[in-house]
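Labels run A, B, C and D following the written order; every chain starts at residue 1.
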Amino acid sequence: MDKTNFKHKIQLSVRNYEIDWQGIVHNAIYLHYFEVGRVQYLTDIGATVDINSINSSSKVVLVRNEIDYRMPARFRDVLNIYSRISAIRNTSFDFESILENNATQEIVGENKAVHVWLDPRTSRPTPVPQEFRNLVRRYEGERCRIEPYTIVV
Amino acid sequence: MDKTNFKHKIQLSVRNYEIDWQGIVHNAIYLHYFEVGRVQYLTDIGATVDINSINSSSKVVLVRNEIDYRMPARFRDVLNIYSRISAIRNTSFDFESILENNATQEIVGENKAVHVWLDPRTSRPTPVPQEFRNLVRRYEGERCRIEPYTIVV
Amino acid sequence: MDKTNFKHKIQLSVRNYEIDWQGIVHNAIYLHYFEVGRVQYLTDIGATVDINSINSSSKVVLVRNEIDYRMPARFRDVLNIYSRISAIRNTSFDFESILENNATQEIVGENKAVHVWLDPRTSRPTPVPQEFRNLVRRYEGERCRIEPYTIVV
Amino acid sequence: MDKTNFKHKIQLSVRNYEIDWQGIVHNAIYLHYFEVGRVQYLTDIGATVDINSINSSSKVVLVRNEIDYRMPARFRDVLNIYSRISAIRNTSFDFESILENNATQEIVGENKAVHVWLDPRTSRPTPVPQEFRNLVRRYEGERCRIEPYTIVV
């Protein structure tokens, strides 16, 4: 992933209890970090992050995670998390994230997280709402590939 | 993934503290479950699972995780974890896993985890040792695609 | 604590991701184990364990935890968790737990967890309901010290 | 505990994955927070925090935790963690901690964590070294009650 495509950046420090028996951040903790970035991103673009909606069975579900581990992260490392919505399709959208060691600027990891929008009544995929598309378009401009909205009949 | 390709199966129960704010198993916990299966698999095929080697910076590193989330898992669900090494290349190998709801036989999630073998002195990729290839061959037979060993000169 | 006072026992295995950088179960994970025991205890005595009530701000809150660490627990240790409600006072009750290494019968840790019953409307302490007292009395008999119910006026 | 007795303060934010099924920080996570404060405290007073020593079986072990839960903490709450070593006895010492909601100044929780110093060769309690006592005395002055060093013969 190309860091120059990302506008949104937050920073956090590795806490001691996130270190595993090998003295490095456990591979599952990376998912926590990427999620912290995504939740903040949604807040910052003005999407109402309902604590009961994002990633939930009711409205938006995470259906796929891809993580590339580039470098270990260690206790007290300061990490930058870059997040962006890179694509919106008819009923799904992609979050991309980069985890970067702030001191060395080395890439620690990369993530692609695919989400699907569900109709809360039927739990079936439904088009990503126009309002959400507008919020992403306003924030990302042309960096996000947004496919046209299709009415499912 | 096709369940009939998997010989190795363990079972665990979802514990209450693995449930997130939505009442379902958090997406990062899936990585814990898949790892539990892998560690048991390595033990069962006779690979010496050094607590300081698997996934460590010293010998074998996890470089990529792909997770597909099919169904939520909930408190007290009994889950079956199927694990196999599906491919060994010159310096890397793939673990595949299926997470299954024991009661309903529904697939909860799937995982592919790519590992690279490192020379502990140089931290550079080195061929997967013949001894490890033999252990996998003995357990998996023809189900695992094993590329020939190449001496790097 | 005296193990002979405990009727309720469950068993679990230490999972690899519960191990910290020192190769032993992290001190916070003990609280997870004790909680697993408590939730199962409540189920087994017939108390309706609402996923949204126990330990929640709405009805029953955990107000104090005391943990004594006796021995480290390690990867793959099989642990027995003994749980009991040892005392019910007017608006609060105590859970006691023992964590035991199944192989060596050594005590790994002990816990006392104090809970307070709240009126969900006012969030103020309210007497532990008679129905709950009866369930505990039926299961624990005279082993649980139950103070008489006082009507707060 | 009296906040005015504490010199050492750090700050952190509640991250979304630390929230449990009730929408509040899980009771075990409090131990993580207190530990973050202690580790930073030791660093700041100049005690060499060996990643393999503090809380380990080799030199210093945590033997008891007492936690009082005063208020729930929620997603995005900014928390202040106050830490101090309040007492040093012959072979053991006490850490005290306060967790405070930064916005409301309300006490979220309190912790007392008792540690024992071990002789790494015999794993038996040994006097807390004079060097460590000096570091604490220099930082805490008379706020820490330090009992005289006793040679065990």
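In this text, a contact is a pair of C-beta atoms (placed from the backbone, for glycine too) under 8 Å apart; a residue touches a chain by one contact, two chains touch by 3 or more.
Quick caveat, the model's predicted, so the values are computed rather than measured.
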Report task. Provide the labels of all chains in contact with chain C and in contact with chain D. Result -> A, B
Report task. Would you kindly say which chain has the C-alpha centre located farthest from the C-alpha centre of chain D? Result -> B
Query - Distance between chain centroids, defined by C-alpha means - chain B, chain C (Å) - result: 34
**Report entry** Whole-Å gap separating chain A and chain C, where each centre is the average of the chain's CA atoms
**Finding:** 37
Report task. Starting from the mean Cα coordinates of chain A and chain B, work out the distance between those two points in Å. Result -> 24
Query raised in the report: Can you list the chain D residues in contact with two or more other chains?
Result: 16-17, 19, 21-23, 28, 32, 35, 51
Report task. Would you pull the chain B residues touching chain D in the complex into a rising list? Result -> 16-17, 19-23, 26, 28
Query - Residue numbers on chain D that touch chain A, as the complex places them - result: 12, 15-17, 19, 23, 32, 35-36, 39, 51, 75
Requested in this report: Would you mind writing out the residues of chain B in touch with chain A in their complex?
Outcome: 21-22, 24, 27-29, 31-32, 35, 51-52, 55-58, 61-69, 72
